[in-house]
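This is the structure I have questions about; it appears just below.
Chain naming follows the written order as A, B, C and D, and within any one chain the residues start at number 1.
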Amino acid sequence: MHNNKYLQEELIRMSGVNPKKCMRCGKCSATCPAYDEMEYHPHQFVNMVESGDIEPLLASKSLYRCLSCFACIDRCPRGVEPAKLVEAVRLAAIRQQGANHLTADKVPTMLDEDIPQQAIVSAFRKYSK
Amino acid sequence: MQVKEYKPLIVAFCCNWCSYAGADLAGNNRLAYPADVKIIRVPCSCRVNPMFVLRAFQRGADGVIICGCHPGDCHYTSGNYYTRRRMAALFSMLDYLGIEKERTRVEWVSAAEGAKFAATMNDFAEKVAALGENKRLEDLRCKK
Amino acid sequence: MKVSYFPGCTLKNKAKDLDVYARKSAEALGVTLEEIENWQCCGGVFSTARDEVATKLSSVRALKEAASKDQPLVTVCSACHNVIKQTNHAMQTDKEFASKVNNYIADGVYEGETEVYHYLEMLRDVVGYDELKKKVVNSFKGKKIAAYYGCLLLRPNSVMKMDDPENPSIMEDFISAIGATPVVYAKRNECCGGYIAMESPELAKKSSNAVIENAKAAGAEMIITACPLCRYNLIKNGADIPVVYFTELLAEALGVKEDTNA
Amino acid sequence: MQRIGVFVCWCGSNIAGTVDVQAVSEALKNEPGVVFSTNYQYMCSQAGQNIIKDAIAEHKLTGIVVCSCSPRMHEATFRKTAAAAGLNPYMVEIANIREQCSWVHKDMLTGTEKAIILGKAAVAKVNLNTPLTAGESPVTKRALVIGGGIAGIQTALDIADAGFPVDIVEKKPTIGGKMAQLDKTFPTLDCAACILTPKMVDVAQNENIRIFSYSEVTEVKGFVGNFDVTIKKHARFVKEDICTGCGACTEKCPMKKVPNEFNLGMDNRSAIYIPFAQAVPKVATIDPNYCNMLKKGKCGLCAKVCAAGAIDYTQKDEYISEKYGAIVVATGFNPISMDKFDEFAYNQSKDVITSLEFERLTNAAGPTAGKLVRPSDGKHPHTIVFVQCVGSRCSACAEKGKEYCSKICCMYTAKHAMLTRDKYPDTEVYVFYIDVRTPGKNFDEFYRRAVEEFGVNYIKGMVGKVTPEGDKLKVQASDLIANKQLHIDADLVVLAAAIEPDKSARPLATMLTASMDTNDFFTEAHPKLRPVESPTAGVFLSGACQGPKDIPETVSQAGAAASKVIGLLAKDKLTGNPCVAHSNELMCNGCSSCERVCPYGAISYEDKEFRMPDRTTKIRRVAVVNPAVCQGCGACTVACPSGAMDLKGFASAQIIAEVDAICK
C-alpha cells in the first residue's frame, strides 16, 4: 500500500478534518445519497486518508459523485466531517494541470433550457480549476 | 581560597499520596538521582504556597520542583489542578524576575512511577546544574 | 425596516419568480430589500477547503457592503444563503483564512460582523409568523403543502443554525401561517441531487424521485422550496404535483401576486 | 523551646551501609532544641522502641525525630510508641533517610551529608509542632437513601438488615424505578417483576425502613454523621395511611385521558392513579394537572367511591426534617430525549420507538399485554430494525448525544432481538452495531446465542436515515463488512437511546456538595479504591447515578454502599483526621476564597462578634472549618489572601522551617 505522507498532511490541513476521530460506525456511508454511484464510500475516504492510501481516491470517479449535501457532516457522531475530506481530495485532483473534470466545451451538451445558472456555476466550482 | 565544586540545591515538594510514594518506589528500586534533591512532604501539591517557592529561592535554592498526582488522580480530587494554575502564574512571574523557567517545574508522578521520579529528578538536576548558581534573589537573602 | 439583499444569479434569470415575489411580499410586510450594488455570483457552492480564497471573495464583498450600511444581509436562494453564511462563518472563526481574504478586500478589513438571514428566518424572527398571519388576505386553507428544505438551508447545522436539521419546522410554520396544512415527511431534508444533474442525471433523478414519492405518500398536493436547483430537479424528474417557490405562495397569500409582472 | 530527641536508625546495613549514622546523630545533637541524640540498629524493633520510650521519660522529651525509612512505612509505629510514653503522637516527625537517601545514593559522604540535612529539616519542623488531638463527633444512627429504584432498594434493605433505620425518598408515587418497567433481564432472562417486586414488598414490610414516596430532598445541612435533611412530601391528596389501594377510585375517575408515564405515554391512565399493580406503597395519587376537582372544583367522584375515606382534596405539601448519619445517592438514570435524532424519524412515526418503550410493549403488564404490535396500527411487525448507540459515543455535538458508552444497550438489544425471534419466529430482526460490547459473566455467550441460535442479523454499520412511507419505515443503513448500503423496509425501528443521569441529580449534588463529572454522573472518592463513596464524607453512591450500570452491577454497588454506611453507622463517634485546616479569625476577612476551592464543602462562614481595641464590638464574617469534613489537602491555605488559613501538621511556618533548614 502506498503511503503518501505529504499529500495526507496537505489534505488534513486543507480540510481541517482529523480522520483519527473516526470510530468506524459507518453512519456517513449509511446516510450518503450518492453511495451506490461511488466506488469509494465516505467512510473509506476517511479510512484511506488516515492510512495514507490516497492515490486510488485521486483517480476515482467517486470524487465527482459527492453531492456536497453535508448529510455525513451533520450526522457523524464524532464530528469527523467526511465531506470536507472528499472536497479536499477532489481539489487535490483537479488542481493538477489539465485535470479539470469539467471543461467549458462539454457544458452545452449537458444543458436543457430550464436548467438554472446555479447548477452550471456549481458544477464548475466543484469540477474545475 | 579553596573553590568549592558547584552543587545545585534543589527543593522538591512531593504530595503524600502519589509523588512521595513514587520517590519511595524509586528508593525501593535503587534508582539513583542526585543527592542535591531534597524532598519536602506535603499532603497535596496544592498545599505548596508560592511563598514556599519564593522562600526557597531567596534562601539559595537553585531549582524548585513540585510533584503531584496525575490530573484526575488527585487524592483530594482537584488539588493538582489548583497547583497547575497557581504555579503556571508563579513561574512566569519568576521568569520575568530572571529566575529561568528551567529552574521551576511541576511534574505529575504517580505512586507507581518510581522510574519516572528518578528520571525526572536526574533531568531536572542536570538542567538546573547547567544554568549554574542562582544568584538572582541574592540581595533579598537573609544571610546570617 | 431596510435590509441588504443578495438576489444571486439564478434569481435574475431562471428563477425570477423567487426574486420578484420576495421583494413584493417583503414590501407588504414592511421590509425593504435593498439590493447590494454590483453583487457578483456567489459561486453556487461553498468550498470547505480552507485554502480556497478566490471563490469566496464575492460573498465577502457583499457581506462587507451590508456591514458598511449596518444592515443584516438577507438572501432567498438556498444556495446563495449557504455560501454566504458559511463564508461569513469562516471569516469569523478562521483567522488565517480571514487574513488571506482581507488582502483582496479594498478599504479596510471584514471580520464577519454582518448578520446573515435567510428570507424565511426574516419572516420567522423579524416579521413574526403571527404578524404574517394577520396580513394574509388569500388563505390557503385546506391545501396540503409539503415543505422541501433540501440540504443547503439546514446543513451544516453548526454554521447554518436555522432550525433542527433533522426535524425542521420553519417552513411548516410558514405553511401554517398562510393558512395551509403542512405535510411532514422524512425526505424533506434529503438532497435532490443538486448540481449532479449536470454530471449524472440518473443520480439526480433517483434522489429527486425519492423526495417526491415520500412527499406524495404523506399526502402532499404541492411542494414548496426556496432553491431554484431543487425546484428544477424535482420538476425535471417527474414531479406530478406543483413545485413552487415559497415566495410565490407568500405573495399570493398577501394579495400582492397580481401586482407583479413576473 | 522544645526538648527534642533524635533517633537515627541503621536499618541493619540498609541505611548504615551508605550513611554514617554515628556522624548523623552527632551532627544533629547541636541543632536547636535537641537535647538527646542516638542511633540504633533497628529503631522499629521492640528494643529500638524502648530506647525511644525511655528517652522520652528520662529527658522529658517534648518532640521526636526518627531518621529512618519512609514515614509511609513506620510513621504510625513511632507515633504509637510516643503515645505509649505519654507524648502526643503528632509530636513525631520522620526524616526519610532510607528510600530517599541511602537507597538512592552510593557514596557514603554524600549520603551522610544529605541525611544530616534531612534530619535538620525534621528537627526544624518538630520545633514548631504542636500537640494535635483528633476531633470527635457523634453519629446519628439513621441512613437516608435518595432514590427508590433497584439501587436504592438494595442499599436500604442491606442497611436495614444490619439493624439501622433507613429512610427512602422517592420522587415518584411508588418505588421500583426503571427495573419495574422492564420485561426480562439479561443474561438469564428471568422476569424483572418476579425478582424486583418481592424486594419491594420486603422494603414495605421491613420495620427499619420508612418510605417517603412522591417526595424530594429539598435541603441538606450538616456533615458526616450529622446531616440535617428536609424532605418535601408532595400532596398526593390521598391519606396514605388510610388508603387500602383497592383501586375503586381509579376505575370511577372520569378523567381517563392522562398519558401514562409508567408506559411511557403509550396508553392512558386516570387522573387518580396507582402507577402499577405491585406499586409500593400501594396507595392512590391524584394528578393535580388533570383532576377536575382540583382544577375546577367539580367532580369529587373518587371521594364518593372511597370506602375508606382516604381522599383529601385539601392536602398540602408537607416538609419533614430528619437527622441522618449517612446519605446514599441512588438517583438513577433516564434514556436521553430522541428529539435531536430525527434522522431516525422518532418524532415522525409512532413505529419508531426507544428500547424502554419496547420493554413496555413486550411486557405482559404493559399497554398491549405483552403482545408485540406496531403502536401506529396494532399490526404485528414482520421486520424489526434495532439501532444501537443512538446518542452514545457521540462527541460531535453536546446537545445531541453523550460522549460515553451507555454500557447496557448492547446487552438489552441482544435480549430484545432474541426474545422477538423466540416469540415470533416469522419476524426478521436486524441489529445495527458499531461494536458489540459484552464484558460480563455469560454476556458474550448470550449475544452469540442471539446470532447463532435465534438467527438475529447483526450488521456492522449504522443507520443513516429512516423514512416513514406508507405503512413502512424505509431504513437506509451501511453494512461495513459487505461494503454496501442497505435499504430495508421495516415495520418497527427500535432505538437504543443513550442513558443519562436523572435531572434531579445536579441540584442534589449542589445540596450535598458532592462532586459530579461533566456528564452529571457523581464522582467517586477514588475511581478504583473507593468506588461507592463520594469525595464528600458521609455521602455514598449507589447505582447508575455514578455511571452507566446494568442490574447485577447496580446490585453489587448497592450492597457495597450499604456496607460502607453500616461501617459508619456502627461507630458511636467519628474520630477525625487532626491534620485539618483552621482559620485564624482575627486575620480572616471573610472573602470566601477558601470556600470556593474547598472540594469538600468543609468551610462555612459565621458572623462573629469581635472586641475592638477601643472596647467597642464589631461583627465580622469569618471562615469556619468543619474538622469532621475537612480532609486536610491544604488548597484553602494557599487560596487565603490574608494568611488566616493554615493547616495543622503541615503549617506554613513548619514547611518554611524545613525549606530554610534544607537551604542553609
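The rule is short, and it goes like this: a residue touches a chain if its C-beta (ideal position, glycine included) is under 8 Å from a C-beta of that chain, and two chains touch if they have at least 3 such contacts.
Quick caveat: nothing in here was measured; it's all calculated off a predicted structure.
Shared contact partners of chain A and chain D, listed by label: C. Relative to the C-alpha centre of chain B, the farthest chain centre belongs to C.
Across A-C and C-D, the chain pair carrying more C-beta contacts is A-C. When chain centres are taken as C-alpha averages, the shortest distance to the whole-protein C-alpha average belongs to D. With each centre defined as the average position of its C-alpha atoms, the distance from chain A to chain C rounds to 24 Å.
Between chain C and chain D the centroid-to-centroid distance comes to 50 Å (mean Cα coordinates, whole Å).
Chain B and chain C have CA centres that are 62 Å apart. The residues of chain A that reach two or more other chains are 71, listed in rising order. Not a single residue position of chain B touches two or more of the other chains.
Chain contacts: chain D has residues 343, 397, 465 touching two or more partner chains. Of all possible chain pairs, those that touch are A-C, A-D, B-D, C-D. Listed in rising order, the residues of chain A touching chain D in the complex are 21, 23-32, 35-36, 41, 43-44, 71, 75-79.
Taken in their complex, chain A has these residues touching chain C: 13-16, 33-34, 37, 64-65, 67-71, 73-74, 81, 83-84, 87-88, 91, 102, 107, 110, 112, 114-123, 125-127. By the touch rule above, chain D contacts chain A in their complex via residues 343, 389, 393-397, 401, 434, 460-465, 476-480, 483, 485.
Listed in rising order, the residues of chain D touching chain C in the complex are 339-343, 345, 347-348, 397, 465-470.
The touching residues of chain C, when paired with chain D in their complex, are 158, 164, 166-167, 184-187, 190, 210, 213-214, 217-218.
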